[in-house]
Structure formats: structure tokens, C-alpha cells
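Okay, got some structures for you below.
Common to both upcoming complexes is chain A, partnered first by chain B, then by chain C.
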Partner chain A sequence: MSANANSLSQYLEQLPGTTFRRLYLQPSTAFAIFRRMLPHLAKTIVMAMLYMPLPFQLSDLEIWIKPTARREKDQAIAILRSLHIIQRDTPQSMSLTPNFRKSLRLALEGGGDHNSFGVPSTQPAPPEIDIAFLDRYARKKWDDILHYVVNSVGFSSSEKGSNGPKQSVKDLLLGGRLVERKGGGLSITQAGFTFLLQEANAQVWTLLLLWLEAADVLNANGASRAGMESVDMLSFFFLLASLEHGRAYNTDSLPEARKNMLPTLVDFGLIYIPPGNSHQFFPTRLATTLTSSETTLRSVSAGFAAANNGDNGDATQVDKSAIILETNFRMYAYVQSPLQIAVLALFSELKFRFKGLVSGHLTRASIRRAVDMGITSDQIISYLASHAHEQMHRVAASTHKPLLPPVVIDQIRLWQLDTERMLATQGYLFKDFDDYREYIEICNFADDIGVVSWRNDKKGMFFANKVDQIKDFMRTRKKANEGK
Partner chain B sequence: MNRIDASDHYDESSFAAQTPSLLTIVIDTNPRAWAALHHVLPISKAIANILVFVNAHLAFGNDNQVAVLAAHTNRAVWLYPKSPNPDGGSYGRGQDVHMSGVEPELGTSANKYPQFAQIETSILTSLRALIDSTTAADLNPTTLISGALTIALSHIHKTSLAFEPPKTSTDPANPTTAAALTSSSTATPNLHARILVLSVSDSEPAQYIPTMNAVFAASHARIPLDTITLHGTPTFLQQAAFITGGTYLSAAANPRGLLSYLMFGFLADADARRSLVAPTQDSVDFRAACFCHRDVVDTGFVCSVCLSIFCGVPDGAECLTCGTRLALGAYGAKPAVVPRKRKKKKIARVNGSGGGEDTGSATGTPVPP
Partner chain C sequence: MFSYFLDSLHRDTGKLGIRTLVECDPSIKSIIVNIDNDKNDYIIEDLDESHLLIKDNMVSQLKAKLEDRLKETVPIVENDSDSDRDVK
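Up next is the complex of A and B:
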């Protein structure tokens, strides 16, 4: 699961059920959540239940799914329940929540009168706005934001032409503690590093979620301007994700609250509004890929690169940034932008720089430096993995080996462990079970849904970082026992 | 320190990397069969159900693709994507059509996901054109399913080539990776393809050979061939599902429930099928059609060299396919004679064996003088 789905699912999971009920009123939202947030088996289960007239018997589910896939099944059901997609009618059956069912059906059938997939503009689009233009535009906007974050580290960027992001975006970055004001200058925080090392799609979500939280805070203070509400904002994001890239949409049909969101989205580079005509907006690639899976994302960066090539007329570079990592800790990165080089310099020792290529070493000192700045080894590894060169993917696929050399990965982790030997997890300790069988059953269930962070079978204790599903499980288990 | 034993972070891709899957639907558009079905399930309703099913498949992920073919009485026709032949260059696979900025038709509704709307219009217009072009002369009772299967297979092959890790041409200096590639592509497919046939008519025995060729090609390429039948008994497709590991379901008892059949039984792709119990067939009709008269036969003659099937002994006992002269052995002789003879011998031996053995042993034992 990519980091971006993680942050989004964390945000979604803490929402109350009523919020979900309202979110699922929009077919585009139900559709986007179905597509983005669910594991494969869960999607299959939802689809099977979608047109089922009666509640689905749990015993039937047991029969349908092979015993070997129990773990996946429990995981799928746990996710579906935490997203309020299914509900348990009786202890022995479950069904889709009514709003979700209705909306997903509408999304698939294409009926209804909800306008949740965007109203296309009837006015002719200006001829100069094509996909390449939008890609260039989105890329520039986004790079401005990244430059702003990176520059706070002190690596100066050579591109002085852009005047940085808008003040509102800067405030948001400050408010989200991605950067901090320290004695006149700006400095990056750990969250900021996390942000930098994510892939573009995850970065967009991080920023959007920051914005949501900021809006929530404003609402709580009663200082809400124009009634921006997080539920509505969230469903508007999902709407944007379902729009068609390179097409003009009508702004007049949007409700007032959403119209007020447009300027900020323009600042992020998610949409483009032609200067002469405020009745149209164009979603950019950043917006339309919000709910895409990872393979498409690779094509997104390729699309960006293509737009870039249009600029410099340099067709030899295909990938925006492609890193080759060797087992001898050497790293070769095909990068163009100073931004990417600055990011690489955060955790490696760069030795040579050529046109379009930098090479360097991962050393103990460089990793230690990064860790001291607050970057974790996992962030470095996921950055390397998500930017791996096509050749790395190909070799990994043909030899059935992991993408990055395991020796390097382990060493990066070890270097980090040199500095920190404790790992704090928030959660709940389960102990003092009535008998061992009860412990084993509950603990195994928790393990199946993937929330156990530590267990000790001898002492009959385990530690879980989430508790809701376990509570339910214990309750049904208790009931079942009483029934006997 | 257990965190760094590193065994857990190597399989982290299982969820993130969802393999794209390509669903190819072959719709049997035999006018006679649909007319027979009209009172329970008109073709318009069936198409609507299929569209929902297609959308559900596409909803699984952006990479999922779909291709729809019509198997008509006299030809196989592309419904979606548009046929590659008339407009040559602009042929693209499913999603690329709108990603690469081919002029989208204006005026799609705001209540529909754009890609869904596009597929719907394409299928409906092509189908209408197909129906309009059908004349009374085309009204065969059977459907040319094999042609559609072959087109579907070639489309799948083409698409899976596009999904191979690209750019082998960019490094001609490194042919080893290209070689490694081809070997890897069979081990871990980067595209799950499957074919679903919506059948409404009986199998045409005349098409036994082309159909089976397509089926074995699919089986070799590990493409499951699913079949749902609303009417009639497609013997060969039933065998096809068995051979390729696909699903065969008959909805003839309740054609109105087509969508439920589709959503429950056929939506899972190869990834999901690994963890699901698939519907099984209790009995498969394994009858083959003979190569000489294209009749479906229960018992027949098989050439021992090329395995061709014949309903009767060919002229001069010469195989029509490979020309081998076949010896028929004792064909036509009464089969009861041989065992009786043997039995008699045996009985005779048993009867006479007591004395014979006794004498043998008596003569063999040397008598002391």
C-alpha cells in the first residue's frame, strides 16, 4: 500500500459514521473510495453484494472464499467495515450500507440527476489549452511548492524565475508544520521531509488533507468563511478525480462553497482557469490521477516528463527521475531538475554531476545526517523504490528478486538503528484473558486483520494499535459462547 | 531488532501493485436465438446488464481494460474498441483512447463517468450498425463463435505485448535483459486477460476444429475462457471452459438474473479467483465432432498418428488428415469369440493340470535305486 493511501485511509478512518453516510450520497465519492481504498478481494466482495436483493449470509461468504484465503478475507472485511461500506444486519449476515449501495449503483449505471461527475462546459475551449499545456502548468505550480519547501533546507535552487507559491499555500505549509519559522528564516521539519520524499500523488493528498484540517479548525472556531465544510470538500476532491483530463468543465453549476474552493485549487495546480473566462475550469493531471493506482502514476510522471521534453526539446530523457542503485552502495540518478538533486543530496553523498546524471554514494555518514534531520530509513527506501529506474524494474522482474538490493536496504535500516533503539507505537495492551484459548483466538484474529504490533504467547498478552474491530470480535465471540 | 530481519518488507508489493486485467466479452448476436429469448430477456436489457458489468470491471482500477466483440451469424465484429481496420492509425487500447486526447465526443452527461459513457456509445452505435446491416439471408441458426474467439485472442496478445516492460529497443547493447524478459513474461504475467462468452445458441459442429484451435491457444496462453449461456447448449464452449480453467454457467433457467450471474460468477479476475471457490460443472459434455462429416459423435474412430476423429471408417482405411494407411485389426469381427476360446483353454488346463503336474513331479523325482 502506498504512503498516500495510508495517510488518506488514516484520515478517513477517524471520521464518524455519519460523515461517511453523507460522503456516500455522491456517486463519484462512493466510486472513488471503492476504487482507491479497497484491496482487491474487498472489491470483488462488494461487487458481488451490490445487486444482491437479500443480506449476504456470513456462512455463504465462508463457503465462497477458500480456506487458504482466510487472512485476506478478514482483512477485506475489516477495511470494509472501517470505511462503513458494509454493516452487519444480524450476527449472521451483512449488507452494504444503503447510501453506498445506491451511489455505487448509480455510478455504474450512469443514471440519476446528481451531476457528481462534473458538468462539462458548453463553451468552446481555447485552442492553446491542450494536454501538454496543462501538464506544463501543473508541473510548474507543483514544482514551485516543492521548491519552497526544499529551499528552506538551505540547498539553493538555480531556478529563480518563479516567484514561489501563493501566500495561502505558504500559510498552509507552515500551518501543517511542513516548514517552520526559525528566527527569521524557514526550516524544514520531519513532516516536511516525509512530504518531499513521497511521490507526487501522495504529496497532493498530503496537502489536500492539510487543507481539510485547516478548514476544520476554522469551522470549529466559528470563523468559517463561506461555509467550507470538510465533507463537502472531500467529496469535491473525489469529483475532481473522476473528471476527464484535458476537458473544460463548467464552474457555474458548482455550488457556492465549491466555487470558493477553486482559487486554492488553482494555487495547488490541480485545476486551471483560463484568465479570460472564469466560467470554465480544466482539471490537470494532478487532479485526475488522485484516485489512480501506482502503475498509472508511473505513467503520470512519464506524462510530466513528456511535457518537460516539449520545453527543452530534449527527447533523450524519458523519466523525470530514475535512480539505479547498486549493491556496492553506489547510486546513479538520471535527474534534470535541481529540485530532485537537492532531494537526493538529503541522504546521499553526491560525487559527480553531469548533464542529466548525478552519481553518488550512500554512506553511513550521509544516512546518519539524514536521520539526524528527521528522515527515516523507510522514507529513503520508499523514495528509492518509487523512483527506481526502468532497468531496475526489468531486472527485478526477470530474476524474481526484490527491486532494491536487499543488502543496501538492510544496511540503511541498520544505520538508522544505530541512532534509535526504541520504537514507540500508540495502542492498547490486551492481557488477563480468561483462558488460553480465548487469548489465542482473539490474538490470531487481531493478527489476521494486521493490527498486532507485539505478542507474547507465553504470558498471554498482546499489543494492538487499533481496537475497534477487536472489540466487535470479542463481543460476537462472547455472544456465541453464551449461546452455547 | 526483529524489525530488521527484513523478511517482511520484500512482499510489500502484493497490495500496491494490482495487475491490470483485460476482459474480452464475446456477445453472441444470433438474431434467431434472441428472438426466441425476447419474451424473457430482450437483447436491449441484456446489453444494459452487460454494460453495468463492464463498468464494474473497469471500476476495479484505472488500468483495467475491456474489449467487446459480437459474434454474428456470418462474421465477428468489434463493438469496443472500434475496429482497427477502417481508420488505421488511431487504434488504441481501451483507456488510451481518451488519455491520448483523441477528440472526445461532446455532450456526455454529468451523471456518468466519462470513460463509461464513451464505451456505452461505442457499443451501442456499433451494435446498431450491425443489426441494421443484417439481412434475411444472414439468418443462420448458429453463430460463428470461433472467429470472435480468434480475434479476441489476437487482441489480448497485442495488448499484453504493450504491457511488457517497454523500451527494450532503447538499449540494443544489452540483449540479455531482453532475453530474460521473455522468460519472465510467462512466469509472472503483467496482464490478466480473460474471455467471457455470452452464448445464446448451440455449438455448430462444423466449427469444431477452429473453435478447438482457439481454445487450445487460449489454454496455452493461460487465458481462462468463461461462458455464460442463456439459451441452447454450447457443447464446445463447455469443453473450452473446462480445458482453460474458466467458469461455465448456464443461466437458461433464469435469464432475467443475468446481471447477478455476471457480478457474482464472472467478475473476479485471476488474482481474486485464487482466493475464491469457483462454480464447478457437474458434468462436461466431452463429445467431439468428427472430421469427415462434422457430426457430433459419441463413439468414433481416431487416427493413431494424427488423432483425427472420424464417425465411420474412411475410404480405404486411409486417414483423411494425414493420409496414413490405418490397419483396422479385427474390426467387424464378433468380439465375443476371443474370450470364450481363451476361457475354454484355461478350463481345459485346469481340468487336466492335476494329472499333468503329478506326472511331471513323479518323473522328475529321482527314485533311489
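Up next is the complex of A and C:
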């Protein structure tokens, strides 16, 4: 699962159960969560339970799952519970939560008048709006936003044609601390760098979640005029994700609060509204791929190129094969754009700049600086690999050697390790168990759901980074013991 | 007995707050122990040769102190990556 699923699942995990009950009223939301957030085994379990008339006995589940896959089973159940998809009826049985069950059935079977998957517009769509047009439009909008973030590094934009994203989007980036104001100018933050190196899909989610949080703050202050509410906003995102790319949808069928969201979504490039006709909107690829795992407009690397080449069409063509990396840690990059040079400057020491070529070194200091900003060695290596020059590919293929010099790659990793002399994990220490059996049962359970970071069977202690489900387990275990 | 443990868990999570497990090489651990010897305000429990339990609010401070110590003891070699030098 990619990074966006992580930030989204973190956001979802901290929502209360009541919020989930409301979210799952919408079939599109239930379906989106089902297809995006669940590992395969969890999906299988949900599908199996979907049409069960009675609660599912845990003992039956044990029979279905091979003993060797216990860990996977426990993790799947843990995810399902944290997303409030299943509930325990009794200690020995579980069932799908009613709203989720109903909505997922509706999503699969069709029917109902929930309009949860959008209402297609009956008016004819303007002929010039086709998929290519929408892709161009979305890319332009998104690149404006990326540009704004990158330009804060200090490489002024040479492009005069684009006037950057709307003020509201800028405020959001500022509020989310992707960029911050410093002495009149803007400067990018560590979170901003991480944002830049993310995949487009993850970037969109980052921005949407920032928007949700901003709306929550507004609501808490009672200052919201638009009447936007984060639960409704979230389910609208999931609705957008279920729409068909390149098709016109009806804005009139949307409730007032959602209509108020449309202008901001236009600013993000998630939807397009034809200038002469505000009764229609077109979802772009950024919106329709929100909950699918396929890559959106392009990969990160291609994104950097596209940001500079604006509407030149196929972004991937412009960007590939630019960097030569030598075993002596020197790097030559055939790049033009300030954006790409800015990215290279993040992790290398640039020495010379010519027209169409920059050269520099990878040094301990430069990698360290990058790591301090929150860029990982793997990100750097994958950036170098995906941008390697054709010649590098040719040499690697003819000599049967790896694409990038292993000595450099290892050294980059070692330099990063240098900065991480200690690895800190937050969590709780469990100790002073009554007896060894108690320790081993609880510790094994915690290990199976994947939350144990350290254990010492001799001392009878373990350290867990999440504690909620262990508490549940201990409570049920205690009850079971009392019953004996 | 068991309820005592649950209570202690609640007390742990409630009052003392979340803790931090630090994993490091034995050599680094000895430096941390040495830093802690001054005031004993970092380490809660010494778990084994490569693990320590640290007060959660002290982690960033400890990291900074460790960096300082390492700077004193480990020499930083400039330009150790390059065999043929450019004219600076």
C-alpha cells in the first residue's frame, strides 16, 4: 500500500465510531474503504460475512485460516475493527456493522435512491472536453501547486504564464506547514519536501486531509459560513473517487454543502466546471483515482518534469535519462528546469552549472542535510535510478552490472545510518506478569497483531507500540479466566 | 492480581504517559548511560545490551546530547567520498 493509504488510514483511525456509522451510510464510502483500505485477506473475510444471516463464530474463522497464517488473520481483524467494519457481538462471535453491511450490499447490487455514485448530467457535454483535455487541465492545476511549493526553495520561477494556485490553496499549504513564511519570503518545510517526493495520489490526499482539518478548525470556531462538515466532505471525496473519468455529472443534485465545496475542488484540479455551464462538472483523473491503487497522472519523477514543461503533453518523454552517476560520487545531470535542479540540490553539492547540464558531488554533508530534512536514502536512490541516463542503462546492460554504482548506493545508505545512531519507538512496556503463561499468551497475541517492538522471554517483559487491542485482549482473557 | 496489572497499565498510560524504547548499538548505549549518569533524568529502565527505556519527553534532548558527544569523539572526515579532488 502506498503512502497515501498510510496518511489516510492514520486519519481514519483516530475518528470515533459514530463518525464511521455516518460515513458508512453512503454506499460509495463503504465501497471505497473496502477497495482501498483493506488487505486481501480482510476483503475475503468481509465478502464471506456480507450475506451471513447470523453472527460469525470466531471458531469457524479459525478453521478457514491455515494455522501458518494466524498473524495475517489477526492483522486483518485488527484493521477491520479499527475501521469499525466488524464488531464483536459476544466474545466468541462477530458481525459486520449494520451500516457498512447495508451500504456495501447496495453498492454491489445497485438499487436505492441514495445517489451515492453521482448523478450523470443529462445535458450534452461540450465536444472539446475529452479525457486528454481533462488530463491536461488537472496536470496544469496540480503543477501550479507543486511549483508554488518548490519555488519557496528559492529558485524563482521563470514561467510568467502561470500565476500560481489560488489564495485559498496557498493558505492551506501555509496552514499545513508545507511552506512557511520567513522574513517576507516563503520557505519550504520538512513536511513540504516529503510532500514533493510523494506520488501524485498521495499528494492529493495530503492536501485533502489538510483541507478537512482546516474545515474542522473553522467549525470549532463557529466561523464556517459554508456549512461544510468534515464527515460529509470525506464522503464526498469518496463519491468523487467512484465517478467515471471523462463524464459529465449534474451539480444540481448535490446538496448545498457539497456545492460549496466545488470551487475549492476546482482550485485543486480535481474537477472541471465548463465556464458557460455551472450545472455540469467533470471529475478529472486526480479525483477518479483517489481510491484506486493505480498510479494517477504520473510518477513522482515524471511529475517534476511535467511541472516545468507545462502543457507539453506526455510528461514522461521529456524527463527520462538525465543523470549520470560515477563511482567517484560525481554526478552529471542533463537538466534544464529550475525545479529539477532544486530537487538535485536537495541531496547533492552542485559545483558547476552550464546550459543544460549541472554537475555536482554526493557527499556525506549533502546526504546528511537531505536526511535531516526528512528525505530518506531510499527516496534519493530511487530518484537517481529512475532518472539514470540512457548511457548508464546501456553500460549496465552490456556489463551485466547494476544500474547505479553499488559503492555509491551503499555509501548513501551508510551515511543515512550514521545519522540514526539510536532508533526511538514510542509505546508501553509490559512487565510484572503474574506468571509466565500469562506473559507468553499476551505477548504472543501482541506479536501476532504486529505491535511488539521488543521482547525478552527470560525477563518476562515486552514493549508494544500500540496498546488498545492488547487491553481488549487482556480484558477478555481475564473474563474467560474468571469464568473458569 | 490480574486487576492489579490492568490498573497499573492504566496508571502507566495515564499518569506517566507514553514511554520510548530506544534501540542502539552497545557502544552507543554506553554513551547514553554515561550521559544519564550526570542527573539520571533520561533512562527509566535498562532492558538489555542494546535496548533502553527512556522518558518520552526527553528523547529529543537526548538525541541532541548524543550528537554532541559523537562530534567530540568521532572525527568528521570532510570529502571522504571523493578520490580525485576538484580545485576549490
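Just so it is clear, the second predicted complex is superposed on the first by the 365 of 484 C-alpha atoms of A that agree within 3 Å, B and C clash if a C-alpha of one lies under 4 Å from a C-alpha of the other, contacts with A are read in each partner's own complex, and residues count from 1 in each chain.
We take it that contacts are C-beta pairs under 8 Å (C-beta built on N, C-alpha and C of every residue); 3 or more make two chains touch, one makes a residue touch a chain.
Remember, it's a predicted structure, so these values are computed and weren't measured experimentally.
In the superposition on chain A, contact of A:Ile65 is made with chain B only, not with chain C. Residue contacts after overlaying the shared chain place A:Asp432 against chain C, while chain B stays out of touching range.
Of the two partner chains, neither chain B nor chain C is touched by A:His279.
Looking at the shared chain after the overlay, A:Asn481 reaches chain C, while chain B stays out of its contact range. Within the superposed three-chain model, A:His389 lies out of touch with both chain B and chain C [touch as defined at top].
When both complexes are overlaid on chain A, the residue A:Leu423 reaches chain B and chain C alike.
Shared-chain residue A:Phe117: touches chain B; no touch with chain C. Put simply, more of the residues of chain A are touched by B, taking chain B and chain C as the two choices. In the superposition on chain A, A:Glu244 makes contact with chain B only, while chain C stays out of contact range. Judged by the touch definition given at the top, the superposed model places A:Leu362 against chain C, while chain B stays out of reach. Shared interface residues of chain A, touching chain B in one complex and chain C in the other, are 423. By the touch criterion stated above, chain C contacts chain A in their complex at residues 1-3, 5-6, 8-9, 12-13, 18-25, 28, 32, 45, 47-48, 51, 53-54, 56, 59, 63, 66, 70, 76-84, 86.
The touching residues of chain A, when paired with chain B in their complex, are 1-2, 27-28, 31, 34-35, 39-41, 43-44, 47-48, 50-52, 63-66, 68-69, 72-73, 106-120, 130-131, 242-247, 253, 291-296, 318, 381, 390-391, 393-395, 397-400, 402, 406, 409-410, 413-414, 417, 423. Those residues of chain A lying in contact with chain C across their complex are 328-330, 351, 361-365, 411, 421-430, 432-434, 438, 453-454, 456, 459, 461, 463, 467, 471, 474-475, 478, 481. Every residue of chain B that touches chain A in the complex is listed here, in rising order: 1, 3-4, 6, 9-10, 12, 15-18, 20, 52, 55-56, 59-63, 98-99, 101, 104, 106-117, 120, 165-167, 170-171, 177, 180-181, 183-184, 187-188, 190, 259-260, 263-264, 267-268, 271-272, 274-277.
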